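Have a look at the structure below, then the notes.
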Amino acid sequence: MESIGLNHFLVVSAILFSLGIYAVVTRKNAIMVLMGIELILNSANINFVAFSRYGNSGLGGQITALFVIILAAAEAAIALAIVLNLYKTFAHVNIDEIDKLNS
Amino acid sequence: MNDIILINISIITLLLPLFGFGLIILFSKRFPKLYMLGIGLLIVNFVLAVILLYAKLSNFLTQDINFQFTWIDFGNVPYLGNVHIDLGLKIDNITVIMLFVVNLISMLVHIYSLEYMKGDKRFNRYYAYLGIFTFSMIGIVIANNLLMIYIFWELVGLSSYLLIGFWYEKKSAADASKKAFITNRVGDLGMFIGILIVFTTYHTFTFDSIFEQISNGVLPFDSNAWLTATGILIFMGAVGKSAQFPLHVWLPDAMEGPTPVSALIHSATMVAAGVYLSLRIFAMLTADAMLVIAVVGGFTSFLAATIAITQNDIKRVLAYSTVSQLGYMVMAVGVGAFQYAFFHLITHAFFKSNLFLGSGSVIHAMHHEQDMRQMGGLRKKMPVTYAAFIVSSLAISGIPLTSGFLSKDGLLAGSLAFAHLTGHWLLPTFGFLVALMTAFYMFRLVIMTFHGEPRNKEKYNHAHESPFVMVLPLIVLTALSLFFWYTPNPVGPEQGWFLSEWVRPAETVVPQETRFDFMKTTGEEVSGHSAGAVVFSEEYEHAMHWAHIPTLILSLLLGGLGILFAFVIYHWRKIDPDELAEKFKSLYLFSLNKWYVDEFYQATFIAGTLKLSYLLSLFDKYVVDGIVNGTAFVTRGISTVSGIFDKYVVDGLVNFTAFLSGLIGLGFRRLQSGRIQTYLVLVIFSLILLLLFFEPF
Amino acid sequence: MDGFPILTLLTFIPVIGMIIVLALPGKMEKEIKYVTLLSTAIQVVLAVILLSNFDYSAGGIFQKESFQFIEKYKWIEIFGGSWIGTIKIDYFVGADGLSVPMILLTALISFIATLSSWNINKSVKGYFALFLLLDAAMMGVFVSLNFFLFYIFWELMLLPMYFLIGIWGGPRKEYAAIKFFIYTLVGSVFMLLVMIGLYFSATETLANGSKAFSFDFLVLMDKANYLKDGILSPFNPHNLRFIAYIALFIGFAIKIPMFPFHTWLPDAHVEAPTPISVILAGVLLKMGTYGILRISYPIFPQITHDIAWYIGLFGMINIIYGALVALAQKDFKKLIAYSSVSHMGYVMLGMASLTTTGINGAIFQMFNHGTITAMLFLIVGVVYDRAHTRGLYDFGGLANQMPVYTGFVTVAFFAAIGLPSLSGFVSEALVFVGAFGVDTLRTLTMFSALGILLGAAYMLWTLQRLFFGQLPEKWKSLKDIDAREYAMFIPLTIIIIFLGIYPSAMLNIMNTSVNTLVEFLSVNIHNISIGGL
Amino acid sequence: MDFTSLYDSLSLIKPEIVISVTLLLIVIFDLIFHKNKTLIPYIALAGLIIGGIYVLSDISNSGFAFVISSTSNNFGLLALDSFGSYFKFLIIITSILIVFFAKHSLEIKNTGTRQGEFYTLLFGMILGMMFMISASDLIMIYVSMELLSFSSYVLAGFIKLRDRNSEASLKYIIFGGVASGIMLFGISLIYGLTGTTNLYQINQVLQSAHVNLIVLSFSLLLVVAGIGYKISAVPFHFWTPDVYEGAPVSITAFLSVASKAAGFAILIRLIKTAFVSNIDSVGNWQLIPVFDWQTLLAVLAILTMTLGNFAALWQDNLKRMLAYSSIAHAGYLLLGIVVFSEIGIEAVLIYFAVYMLMNLGSFYIVMLIADKTGSENIDDYGGLGYVTPFLGVSFAVFLVSLTGLPPTAGFIGKLYLFIALIDAKMTTLAVIAVLNSVVSLYYYIRVLKHMFLKKPDGNVREIKLSAANIVYIVILLIPVLLLGIYFTPLVNFAESCLAFLHF
């Protein structure tokens, strides 16, 4: 059995990315959509780590990953606040039905 | 008596009437009697004209006076050097004689109108119009170049328009004036193009230099054909003004104007201007052009005469006789009987205006009744008018001792000689037939008006001889319709001073190969005038001699015959005209309805143009607007979904481009559904598209 | 005269007037009107001074030295990096035989239009402010010798015109206004592109010897200034000059308006208030033809020569088509509008001839059409003010009711028909003489001559429908024209008659320049075939 | 870690420091004075002005901040150069104007004690933009962009009470999150391909070693998606209308000008530093032939302006209409980049300055009207030009300028764009652009039509303008008119700011 290589990581991250996109475009619940976004970010993270591990360019990638995780957390916080606010006004978080602003 | 004075005099004669016109138009409100000024000016003008006539003809100066000045100067034009447009005047015998005639008749009409037009609410305006007419007519007469002739040509058109439509409250009058102007314009169109050709070729409008260049062999576009064409085109102007077929239709309608106007403009002077023009350009007429002119003239005279026979409106009869006589003159020009054409122009001016003024006094007496069937027996009531009528009718019928005999006989002889030399026998045939008919319808008129029993009693009872101011002109003109003014010998005009001294024979300068044989420079000439110019060859003189006697006899015979018929039918009632009409009903109607020419024009040209313009206006509204901005489509769109469209389309999205952009915009709006996930899908989708689009292999 | 900035004054006097108007409170309507009248009057005076100091023997067109009243100041000069050289725009105005007639016309018409605006009573302040702005813009177009300046003024016209039609217009004013705006804008944006293209194709040498691109007409006219590879340079084997020419031409053709771009005109005219129609027909239409003569001709001589026939063709179409469509109109104002479509056709025909007489005729016709059509629209205005209808069939017999009016109408109509001794005749005749002299245009000219006939037809018919026959009861109360209207009609009438009798008064002004232009064209055209006059 | 380099770096980013300090000050003051927030705007202004002064003062000197010592030569996370300073200056000006904007805006006033947060977040945005402008490292770009975004997400929904605000902010954050996620994924791939995230090093790598072009273009597209969302270029624009309509006007104005400016700055910097091999004498860029930027941007530009204009035709809500119009303007601006020459960039710079003036002006007027009439619907503006002529006329000027007719600044902006295009012989694009500007006339003129050509009906009341309002409008109006007539100083300034670090 061969050892785990760069490609495996890339494949995983690609799948993760796709799943994230899928979640974002299909889920009706705002929270779910946000989690989709998180998936996308993390797929990128996996890339960074993998590349910096297998590539020959220092630890830059892994540090980047840390940055991203922090930002993701911040984003999540803001997003949740907004969703909360949204729930106050709409009494639901179903993003399908939030289309007052259109055309 | 040197030129300068004469030039100044002629310029004054030109401007005085204009001056009168201006004053009257501007101040007629303040001074209601201002028309007297107009009359006064005309009398002065007449005196001046007499002075000119005397000075010019009594050999104080034998050569012609030419005077010209630069009107527009184009400076040094690239490739062409110095180009400028000159205006100017030429005073030769023809001019002074015309001046005399115009001023005389105009003056007489001015006086005559004092009574005839009395009480009209636009009395002053009437005299103003007469003034501007006189001005423009004199302008035509003294012009020495085509452009100036064209300018005044249009101006007489204007004055005739104003005078025909003088009683514009009557629709018929308004229509007639419009018809006159536009019909004339048709002719002028040809004339204008002719003038364009001339100027393009010779860079000048002045007759003398044009003729000189022609005799030097300079031709329009270097072709004889174009020279012919030019001649004919310019002649088209004459066709319009002198009411020749096919543009004769306006003249009879022009009788809607006041009768003195008909006497002045539509019989004596303006309509003669066409003939005058053809005489002016005679030198540049080729054989073909002359033939065309002759045929037009001949046919016109025949056509008009046949119509005149059956008309019942006294003025219409005279109108058609005018057309017919003008046809004579034009034919005379065509057959080269230059002198006789001019001669007839003069004599006709006198006796025809006499006839019109006479008919005017009759109409005046009958309280503006013009239908001859309402008249009759007036000779006892108005003897002077009757006398005038008789003399003039004799003159027009070409009976000896009258001026008419001299001129008419001459031009008939000319046509005969022409036929003899060239074999165009149709022209004299026309000529003599017309002579017959003329005599007939003129005396038909005389008889129906003055002889027999009055048909309309109470009108008859009110009838009375016209007052002095109206009779005086009749007397003068009657006198002028007699022979002794023109020649001592009542049967031999050519011995008369008029033909032998005053009016020189024609000259022509067109290239040899384009002339009639009898006008070629072969053989010795009778008397050569200007270099290169040519008078008729000997054989033509012989032909004239040969033609003289038969013409004399024939015309006398026919004239007598015509008069006889008239008496037989309308006086002694041997033949009932109505039966005659019944017998030849179709012919009768054909003549009565003027050969249906008007109807034809109405049906084709006028209706056609109007229809076309209507269609074009629709085309413009829908198609052009449509092609450019598609309102064709939008308007339909609006009408269907007006509700929404008012909001958007009329809101500035006025046309198709906008409509289309509106649709595109609508499409974009679809995308903007407001659903965040739709957006995201679209983004992903377009990203994929872009990726496929930009994959580098 | 040197040093006195007369052209600048001519252009900016209205602007000053506008500022004063804006400063005045909206209540003081009388004062506002008088300010406007005053500034237009000053304009007229200045124009007369200009004329009296004008040297008839100076050609202008392409030689800077023979332009007069020149004012040339640095306006914008930016020493860019290596990539885009120096951007240099001058405030460059000057007058020659082409522009002086137009300047006179503009001053005159603006003055007359002010008079006829006297009975405007809806938001007076705004109206006159916009009016003066429009006036300034028009004047600017005619005096500027720098493409950039020209373009600024050209565009500056649009907005005032839009509002003047759109606010003070008739029932369908919004439609008409936007249509006018869009049409003209479409034309002018392409002009913008051509302008920039030309800018990058020619350079002028600055005082410091360095080369700089230039918007200067005179620079653009000189072949020597063009770069080897300029997008619109004649030396560039695959240049876009032809396309540019067409784009530019369409820009102008829309203003003329040339068939088939003319459809905005009837709408605009029918909806616009009388004074604006007067301005529109009197001055604005001339800008198209003026632009062609001032810009297209000298800058693209070769192409001009190549497509001259088509210009003539469209001229003929305008003449005949306009006349025929006018014949079918039932609305007085629409009829006049189409008649001016027809009359502008003569201008195009004359220009197409590329001959002295033809172009002289064209410019003269521009001036005459300006005065005559202005008068015609004033005439429509008079009857519309009184009767509130323009239907030709609603009238009749006015001749007895309003004799003086009828007199003026007759003069104007016959002038429009081209009756000799009135100004219209001379210009049309010259146009025909010029065009007929050119072999290729001869046939076109013959057909165009039909225009004379049709013109007479519709004008006389109109005259009859309005003034002859019996007067309908309802118009028994119509007043004849008053003093103000006299003041509008008399000057125009005098000019029309005077120029009819003594056309040289106007022709001498332009003649030298026209000769220079023709000369210049013929020098710059290969396979030259300018024939006749 | 040596402090000299740190000191150098800090000395290079004085403006950013000032902004951050001001941010902190605002927070502190916000905490100290619970009730009274009147002081805060002035602190903000002070900070901005000082920052602006710094920006102007070291507009000339350039250098790398936070140098990462790498194999070959040193490149920093931040590249400070005059190009960046121009945009920073622009943003500072915009922010100053926005501060007044917010002071006058009713919505913000109504938030009462929360104004402190407003300014805090505003400064968050400003800070993010300023770092973004001079970021020369993909990660730096990402981080600063997120900083910018997060603040703006909140601000878009700042007024909690109105549901459309929270809807706007939700859409904004979801869209933004996804976009930045996608971008980050792209960045990660680039990092994998080139082994670095620094633009300058990427440039070197691309010039020397050859990389897998498919992956590269894929990842670049993902990055473009991220930036495209910031500059709201079609097809990444969908959030724009909704958010612009939903957000408070002051924020809408700020987004439409400032964050768009930042986006453009970074797009230009990305392309120029990472993909340009050299610049020839006449200022044309030689791109490294790895990716067809020209076509991509041309397509985006055409799509953007066309869609923006055509969609704007149908808008009745003025804010929304302006949103679409700002999309269209983004399209025009993209044209400036497509040229790929110094003159093109110069055109962009000029256009942005002009665009800032006229766009802020029109938004401000919309804000005034909306505050008074409580409606942003065009149909409620009938005859407004008569009841408040000053407002109407100045609005007319701004709209005319947006259309790009002389003699207004807008014309100059367009003129320079066309000059750039024609100079590069891109006639087709130029033609499309002018046709677009004709289309744009329809909807701009439509507003004027409603304001002037319609009779004022009963419900339109006169709008009382405070002196401050008038001054504000005039301050924007004068340059809009003046630059139309005399634009030398602007152009000179823009020209002096074209220098990039190492180019």
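By letter and in written order, the chains are A, B, C and D; residue numbering begins at 1 in each of them.
The rule is simple: a residue touches a chain if its C-beta (ideal position, glycine included) is under 8 Å from a C-beta of that chain, and two chains touch if they have at least 3 such contacts.
Keep in mind the model is a prediction, meaning the values are calculated, not measured.
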**Report entry** Intersection of contact partners for chain A and chain C
**Finding:** B, D
Query - Chain pair, B-D or A-D, that carries the greater number of C-beta contacts - result: A-D
Query raised in the report: In terms of CA centres, which chain lies closest to the overall middle?
Result: C
**Report entry** Separation of mean Cα positions, chain D and chain B [Å, integer]
**Finding:** 79
Report task. Can you check how far apart chain A and chain D are, centre to centre, with Cα atoms defining each centre and the answer in Å? Result -> 27
Query raised in the report: With chain centres defined as C-alpha means, what is the inter-centre distance between chain C and chain D in Å?
Result: 44
Report summary line: Per the C-alpha means, the centres of chain A and chain B lie apart by a whole-Å value of 98
Requested in this report: Could you list the positions in chain C whose residues touch two or more of the other chains?
Outcome: 174, 178, 182
Query - Multi-chain contact sites of chain B, meaning residues that touch two or more partners - result: 651-652, 658, 669, 672, 674, 676, 680
Query raised in the report: So which bits of chain D are touching at least two other chains?
Result: 170-171, 174, 178, 182, 241-242, 314, 442, 445, 449
Requested in this report: Give the pairs of chains that touch; include all such pairs.
Outcome: A-B, A-D, B-C, B-D, C-D
Report summary line: Residue set of chain D touching chain C in the complex reads 281-284, 341-343, 346, 386, 389, 396, 400, 405-407, 411, 415, 418-419, 422-423, 425, 427, 430-431, 434-435, 437-438, 441-442, 445, 449, 452-453, 486-488, 491-492, 495, 498
Report summary line: Residue set of chain D touching chain A in the complex reads 139, 142-143, 146, 150, 153-154, 157, 160, 163-164, 166-171, 173-174, 177-178, 181-182, 184-185, 187-189, 191-192, 195-197, 241-242, 245-246, 314
Report summary line: Contacts from chain D onto chain B in the complex sit at residues 170-171, 174-175, 178-179, 182, 213-214, 217-218, 221-222, 225, 235-236, 238-239, 241-242, 290-292, 295-296, 299, 306-307, 309-314, 439, 442, 445-446, 449
Query raised in the report: Of all residues in chain A, which touch chain D in the complex?
Result: 13, 17, 20-21, 24, 30, 33-34, 36-37, 40-41, 43-45, 47-48, 50-52, 55-57, 60-61, 64, 67-68, 71, 74-75, 78-79, 81-83, 85-86, 88-90, 95, 98, 100-103
Report task. Under the touch definition given earlier, write down the residues of chain A that touch chain B in their complex. Result -> 21, 24-26, 33, 95-96, 98-103
